[in-house]
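Below is one structure; the comments refer to it alone.
Chain naming follows the written order as A, B, C and D, and within any one chain the residues start at number 1.
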Amino acid sequence: MKPKNNSMLPPHLVTSYDRDAHPVEFGRVLALSDGVFAIALTLLVLDLALPAVTSSSLASTLTNMWPKFLAFAISVFVVAMFIDVHHRQLRLIQRLDSALLGLNIPYLTLVVLIPFFQGVLSEYPTEPLAYALYALVIGAINTIDGIMFWHAHRKKLLRVALPPRHLRVENWRAVIPVLLCLLSVPMAYVIGAWTALFWIALPVADRFLSRLEQKMV
Amino acid sequence: MKPKNNSMLPPHLVTSYDRDAHPVEFGRVLALSDGVFAIALTLLVLDLALPAVTSSSLASTLTNMWPKFLAFAISVFVVAMFIDVHHRQLRLIQRLDSALLGLNIPYLTLVVLIPFFQGVLSEYPTEPLAYALYALVIGAINTIDGIMFWHAHRKKLLRVALPPRHLRVENWRAVIPVLLCLLSVPMAYVIGAWTALFWIALPVADRFLSRLEQKMV
Amino acid sequence: MKPKNNSMLPPHLVTSYDRDAHPVEFGRVLALSDGVFAIALTLLVLDLALPAVTSSSLASTLTNMWPKFLAFAISVFVVAMFIDVHHRQLRLIQRLDSALLGLNIPYLTLVVLIPFFQGVLSEYPTEPLAYALYALVIGAINTIDGIMFWHAHRKKLLRVALPPRHLRVENWRAVIPVLLCLLSVPMAYVIGAWTALFWIALPVADRFLSRLEQKMV
Amino acid sequence: MKPKNNSMLPPHLVTSYDRDAHPVEFGRVLALSDGVFAIALTLLVLDLALPAVTSSSLASTLTNMWPKFLAFAISVFVVAMFIDVHHRQLRLIQRLDSALLGLNIPYLTLVVLIPFFQGVLSEYPTEPLAYALYALVIGAINTIDGIMFWHAHRKKLLRVALPPRHLRVENWRAVIPVLLCLLSVPMAYVIGAWTALFWIALPVADRFLSRLEQKMV
């Protein structure tokens, strides 16, 4: 079920990119996104700068950096999760309309903010607010992801029409991460650094729902 | 109407890349451009460094950083606008001649300078000069964009020959952003930070003209 | 011998990307990887910052930076080796399943950590621990590379079924770099900076085994 | 005249990538190169950091930064020149053998070092050594470029066999930039900052020879 596209328009008026009719333009959006992901993954490491004062031994310097290494590991995990989510999401899309193109930018911007909030976490590892903010960013990315899916379904921009029971599972796959993130915001004030466990639960929950859905076929 | 290309020349003398005859080389120019856009979008976040002195609470530290967050948000908006403009512009091009290849470099260089002028804005949020410089950079990018379109039209490098009335609207779409930016330079000395509203008006005006043009078909 | 793929599933449930059936998605994984390699290669240069105090002459400043230049040269060599290894590895893969996609992320993350451990090396050029850590990172990347190959072979994700004697050489090509890296960890405490010679031996050993294998055809 | 390639070998033993037989692998080398170019172009801007002490007015701060802006402009020009050279060079190549793949890495590494030597230039704008080093880096990149062309010609890796008289002009196009760079090294001690004029002459000379060659067809 390929959705109707506006390929009858002269090219300068086309405001949406079809996977098959405009492969170059469709590909540019993916290339831009993967470029941002690659750089975001790389920026995470910039937070791991050695302290300017190098009087102590290397071993003790590295040991004292453990909050930075922990924040780095969490962020790599989170960014890798969004790389997987974005690849999976875009794989379903037949046509990128201007709404999806528009939503992709705040999506990528929030991904790019993860290194900043990683720096906040590693600088203030005992502040619940740092965990709460981090959770809000992850939740916001998941929310945009959900809106993109919902919009693509409604406007028939998906490559296949999903049967209703699949759609129901896909909806849960969109909603549960947002709920987990929102729940982790108040939890940050109770369990502190353990809040990160909520974020690690995100892909686990997703994998579970994905298995469930595969059995439906 | 596919323009004549110089594919009769031996390949080492070809100085222009046709979308269909040289897809690898045409694609490299797009890949380079999208790489620069992805990095520019990511560099914006480097301005958001936490201050070195971390004696105060996280909440007050972040609150005091509001000019940085504002400059970040404006810059994301501006870079996203140019990503859209560049994708739209290149979509119209059938053949990149050496003039277009040459103009693409100052275009990308000015995009790469946006993070620097964002830093100037966030460091001097009360200086009208900071806004005036930012406006000049945006205006210069829009000017190059307009020259690229005008050159491509004159040299028949576009994928379609635009009918005159479309061409007239396209000219306005090129000229109006430059005028808005030039106007915002003196306004920076009158309305200060509100100058950013002029820049936010750029894509709004463009959307309006685009709608107008779509009704012409 | 093209392995069976799950293209019968609706696209939102496909969890593996076939080189031919899903070229866009397969290509995104390569683009992300090459993006990370390009940025890792570039981050290496950030360690070469001139010291803030610039009272001395340029010549003496640059001469005093020799450990930084040495660490830079070693890291470029190491990253270039992994670029070659990754390109060679992925060239053999017909289908990326979720295990390979999952292993690619720690692979890339460790590559991204090389600039950090280069900084450690250039800051502590006389500490054996700095060399030992660097060796562990290289060894870990080679280990993941070996696991990816072994997994792809077992799950029949390779483009060709390798004959047993080729497979034996390929196994040595995977194991020897890991052994060299592990051996270089204790050696770091004996021979100090000369440990880097072990790393330079990695591609030499690989080239030798590759030649051996080509004669088998 | 398509050169013989080793596509009879099993894929894990292929050590060269043909433009048509291995488009994915050929494309990865280009993607990596364009990624490095995009990041190099972007790193140039990092040298433009505002000074930490911000007591003076913005106008005077920016005016005092003129050596940084000049070094930035020169470097953008130089990097843009190498982007053009690399695109032109690779366009001629039918097959990337292991020598060309190996030479591409020091080529890209030297491109990535340009931002570092830009920083040296902007920090020591009155030191002839800074200009001499910069010239040596540009000269080295041009030398590698010439070796790549010469190797590709000898090993019949080019897409077309160039007629002798074209080959002679192409040789001059490879040699003249190297000579100009070598000449500018001693000149740096005589004319200081004006040495940059030699570098600006590089693409002018190339354009002239290119015109000459086009008339030969």
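Here, a residue touches a chain if its C-beta (ideal position, glycine included) is under 8 Å from a C-beta of that chain, and two chains touch if they have at least 3 such contacts.
Quantities reported herein were computed from a predicted structural model and do not represent experimental measurements.
Ranking all chains by how far their C-alpha centres lie from the centre of subunit B, first place goes to C.
Subunit C and subunit D touch with mostly distinct residues; of the residue numbers seen at this interface, under half occur in both copies. Per-chain Cα centroids separate subunit A from subunit C by 26 Å.
With centres set at the average Cα position, the gap from subunit A to subunit D is 36 Å. Contact of a single residue of subunit C with at least two other chains is seen at positions 31, 35, 38-39.
Residues 9-15, 22, 24-25, 28-29, 31-32, 35-36, 38-40, 43, 101, 105, 108-109, 112-113, 115-116, 119-120, 123-124, 127, 129-130, 133 of subunit C are the ones touching subunit A in the complex.
Those residues of subunit A that touch subunit C in the complex are listed here as 19, 27, 30-31, 34-35, 37-39, 41-42, 44-46, 48-50, 54, 57-59, 62, 76, 80, 83-84, 87-88, 91-92, 159-160, 162, 166, 170, 210, 213-214, 217.
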